[in-house]
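What follows is a group of structures, each given as structure tokens.
Below are two complexes that have subunit A in common, paired first with subunit B and then with subunit C.
Let's turn to the complex of A and B:
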């Protein structure tokens, strides 16, 4: 409730005062809205390749500490049933579990850039937390209308010392509630490698939530649609939930 | 008595709204050894059942049916250099028939219960009773701390069979746990016992383990020779200079060194490194040193070969390297390659693999294997092989 109140107060003050917030303030509020204290969700992930082939995955996901800790367990397709990933410290530490071999493997940080189950999302993309605040310097490029919504177009330049996941990100943030509608990710040659679009944004337990997210790989012409089938922010992690023990359950 | 757990757990499984899943796998292979060509394969069906009567109990079992075709009776001497086995199979000077000794092993069709277990989870304690998979160690190709399994270098990540026993896992803190596994035999002294302490320190996972077990060392002529072994081991996995790195090693001791050529103590360790490039190319390398292996090819005996084939030693000789590379090259098609070499006899193999996720729940893979080395070496004995595997999961 405190978080909800904080979001509403900040948003209201800003809008009522009529002053344009700074880019840092916008990114702070985006981070707050996008990082609920904890969550539990069920979702599906549909990968469509450039040749139109499709694969559908289903998973359950748990997150806590504003996305700093998360656990994802796949239930479909059958070949990967029970495969699970534990991510701690904003995906700096990743463990994977393979039920067929009953083996837990710790992945090194370079694995963060790997595609998660062949999708267009990397492990790093799935990590939450304060990455935008700590690893980027932000500035407002312009205000415009996107899908009939008034938005800020924010440019975020990665701070090299902080090892940002991407050298540059452009983010469109809805002015009405500070919810991001789209992100473009750039590589070090300033090529827009991937684009993420949020849609079907619903208010779930006072948090705006994109029920559909589509990540498009602009180079490989593939896309991954992540649909939220069920979600609650009221879930509280039991003691020791984000552990290797629970990864294997 | 072997499947005692089945009679206890099966009724519980059926009453607890079980989930059924599994896979069908069909494999066809051809292999060239010298002038002989062998065609063989199998059809395998595995049915898994899992039930959770409540939040604290998990009951699991799987039944595997495996039917073999083609070459099902193998002459083990085809896989051992002639000069190694000749002293044990002298030609009969009175016989007029061609000299063709054989040590045949037939692989029968099987229908078996691979795992059947119940896991009870309390606040900080998990107790697993029954036949269960035990996969120890952080190594990819070899696991010096694993006393229950051995791996195939051409497919190190294939599932392991179950081990009957009782396992306790106690969580000490978020980042530490202690575990004990006991594989009971008729006498306590003969039972395999392994305990391990696992701790996460920063970006490193550290594990210390102690075990004792009896190894049925094959003696070929007089039946297995039980050798009691104790093991003190450790493993570390983490990141150094941006590379994934790991170490796993064990120090073994035995008070009955007859089967190990008089060795009362020996050490075995692996070091490994992996890296994923921005273009998703994944590479892995591992090095094994095993004191129990033989350093010089001229000192190899039939017992060394039988011990390595049986899994009593994790390797035939002392020093090996293993490499693996994998890249998701096309839509749902992964290209990968395995290479391994025996530094002591300069033999090895290269094995390219194409894995195609042809449909949502179906995979097709083709694996070639090309061996190098002299004819009297561990891998040079074989020439080439080709395996086609189709798998469908449900």
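Let's turn to the complex of A and C:
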């Protein structure tokens, strides 16, 4: 509710003043909307395997501290039932639990730049937090219409000293609620290597939430679809939830 | 002038028959000799413009690089069988070979066979070829050769492996790397299991297991290890058209012989040369069958239409002579035919027979009227000559208009067909009258012998039903024109919906072994044969190109000589790690296995199993099917408890008792440890790698014959045939990296663009030229336009009907569009000519007489092009259908539109 109020107030102020918010203001608001304090969700993830087959995973996911900490546990298919990933400190620390061997293994910090579970998302893409605010300099390229929605097209250039995950990101932000509809990720050769498209955006407990996210890797020519089947932002993490011990449960 | 020439030819046919026969025979013999110089090229690049840089570069690659023109043997069966087959076949293809079924001297067709990695070189420089990160990751393995230490270090390395970004298995190359690692472990565990089972192991088996662990699989095996590739480097290249067939056949002969000794193996030939051979062989064979079929069908049709046996014989004999003359001239002008121009003979059959039909038709008509031979010959030629020559010239000009195009596909086809048509037209005026005179004289002699009267009875050979239909349309012109307009508008809408099929594989022959094996290679090896090439003039340039190409979004992988020649900087970075490995291994000692080691070894084996299981889980989540499947072979799947994996077999051998187990583990350690140590020390060689020390088999793969040029092979990350936008992206991105990029994707993309542009330009020019010729011929804007109207409507109907019947446009049938302009115009020309000759209200006569000829010529054209449907090349069949629709549509529009205009104009008169 607070978020909704905040967005409405900001939008009203902008409207009354007749001024377009600055790129930094837009990115700040995007970060706020995209980083709810905590959440619990059930979802599915569809990938295309190296031999061209479609594979669908189902998982439960818990997040807290605006996405700084998260735990994902797979339930289907049987081959990886119970396998879980714990990400702390915006995916700087990642642990994985393997139910078949009953071992927990820590992945190295640079693993966050790797593809996450065969998807076209990296661990870092899912890490949340204030990456856009701290690691990029943003500017508004233009205002346009995308999928019949008025959007700002924002260019975010990575600040080299801050080790940004991508040298450049182009983001389309819906003007009505500051929700990003799409992001294009570029490499240092200025190739658009990946594209993320959000759709079926629903208001869940005052938060606009994309029920479907499709990440396309333009180099590997693959795409990953993440579907949210169930989500609540009212979940509160019990003490010690994001721990190695809980990972094994 | 035209009349005088016709008169002279008629005179010569009647009065100098023998001389004419001798001249015809002489010209035919000369042109047969000339046509012997004609050959065919199967390369699609030969359809691009002559000076096209992509073609020049592609030809240079074929000429300079042995690896670009290879014969690939694909063997399938179980691993042991296909390896044994390869070992048998390799030395035998290097011998002098004979071509099965041909009485020729044995010759050497294969220069070298690459079917195993050069292990000697790898054993000398293996570590220098590893990336620095890999060395960091794996160097732990090379610290201790003893069983306990080695197992522990493999596990340590394993656990470190999948957390390194370089080993994230996010690309095909990295997945391949993981498979090599897993295969090595599997093989080594297999050797261990054999020792625990039997208590002994042979030295070669132990050494092979070590080699696999350190160097990987030497054979080029598929991911499922049920297929094997051998690369045969021939003594000729794709540029040597004749040797492509002979050389491939000779190799196929040996392969068939060797297969007799390996009944469980299936094998065949593929690769550029084998595909080229099959394309040449089957397209020639297909066209030969098409020609025979069309001649037979046309002969039967003429027999039925003229109700005389000699008509088809004379018409076909004249056609054959005309085609021989055409082939002789073509062999001089365009000595090498490409895939498109190779069809010119079939086109000539379809179009050239029309001339004979018109000439025979009028000649027999005159004779039936009772004219004496000389007069009948002259009148026959005079009446048909104008229409035939105008038709032939109009069609030839239409074909010559194709020469406006840059592509050789279109310009050469235009030139060759125009020459051919004119040659057949000349033979129809020179040869056919002589044949008819000879036939009539023999007939007269026979009748004289029998005492029968010389005059033949008049026979009505006209098609009355066509005439009646024409009369009906002439009386109701607006109804007919209204119906044509409605159908044309509907089909125009349908035509707008037609799509273009860019998939060249849909044009290739179905069921050809070499093409099918390409699919096998794609499926089993995940290896596309549709790669692009970049050429560089130094290793450094090649390395830079590789680096740039790998960055491109459309590129899956890049292969070049720098894989075996890392830069000096890279070698310097690797050297310290290699020295460290060398130092560690030199210090390492092999201690005999004692009772205290047993528990640790068994724990490490269990740890290894867990590591593979976790690797498997990550591979499953990562969608890395090949790695997941290999892991499943080693540790079973999570869903079903493993009961017959290498680990369960090892665990089953633990009950032998500690002392026996310890002893056997000692035997295993003794069998491999020294070899492992010496191999690692040998591989830990920091001497710099240079071009001079690379083995020939590796250099030949990437360097030109004189070693001045280097070849980089770039594999696309998507299917270039199923996604035109991707093909364009791949080609454009590569052109940005190097303006000398070439290969199938680049060439085909250029071909699509050029042929599309050429087709449009040629069609426009053809329409203008046809109109000008008709204007000159009819001396009337109105009649020239009326003669063209059926063609315009017919072209729309053709595309519309193709769409209605589910056809797509493609690289081959798109040629039908300009072709139909040249072919379809003849119908209108003949009908308008006759209409003007016969005067008002003549629809019945025009359509029953000329309409019959137009019907027959349309039918013969359809039969000729229709015969191409039996060609194994689906591209020819596709063109065949398009022309059938086109010719059929033009006939119908001519038969409906022109009588309607006759009605409208005659009413005014």
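Following the convention adopted for this analysis, the second predicted complex is superposed on the first by the 241 of 249 C-alpha atoms of A that agree within 3 Å, B and C clash if a C-alpha of one lies under 4 Å from a C-alpha of the other, contacts with A are read in each partner's own complex, and residues count from 1 in each chain.
The rule we apply is simple: a contact is a pair of C-beta atoms (placed from the backbone, for glycine too) under 8 Å apart; a residue touches a chain by one contact, two chains touch by 3 or more.
For clarity, every value in this text was computed on a predicted model and none was experimentally measured.
Superposition of the two structures on subunit A leads subunit B and subunit C into a clash. Residue contacts after overlaying the shared chain place A:101 against subunit B and subunit C alike. By the document's definition of touching, of the two partners only subunit C reaches A:218; subunit B does not.
By the touch criterion stated above, A:189 is placed in contact with subunit C alone, subunit B being left untouched.
Within the superposed three-chain model, A:78 lies in touch with subunit B and with subunit C [touch as defined at top]. Shared-chain residue A:204: touches no atom of subunit B or subunit C. Once chain A of one complex is fitted onto chain A of the other, the partner contacts of A:247 are absent, as it touches neither subunit B nor subunit C. Of the two partner chains placed by the overlay, neither subunit B nor subunit C lies in contact with A:140. In the superposition on chain A, contact is made by A:56 with subunit B only, not with subunit C.
Superposed model on chain A: among 110-118, 146-154 or 164-172, the stretch of subunit B in collision with subunit C is 146-154, the rest showing no clash.
Comparing which residues of subunit A touch subunit B with which touch subunit C, the overlap comprises 49-51, 53, 55, 78-79, 81, 98, 100-101, 103, 105-108, 110-111, 113-115, 118. Those residues of subunit A that touch subunit B in the shared complex are 49-51, 53, 55-56, 77-79, 81, 92-93, 98, 100-103, 105-111, 113-115, 118, 222, 240, 242-245, 249. By the touch criterion given at the top, residues 21, 23, 58, 121, 124, 126, 133-135, 138, 157-160, 169, 171, 174-175, 177, 198, 203, 205, 237-239, 242-245, 274-278, 280, 282, 328, 331-332, 357, 360-361, 363, 391, 393-394 of subunit B touch subunit A in their complex.
Those residues of subunit A that touch subunit C in the complex are listed here as 47-51, 53, 55, 57, 74, 78-81, 83, 96, 98, 100-101, 103, 105-108, 110-111, 113-115, 117-118, 187, 189, 191-193, 218-221. Taken together, the subunit C residues at the contact with subunit A in this complex read 159, 163-165, 168, 170-172, 175, 526, 551-555, 610, 613-614, 617-618, 620-626, 637-639, 717-718, 726.
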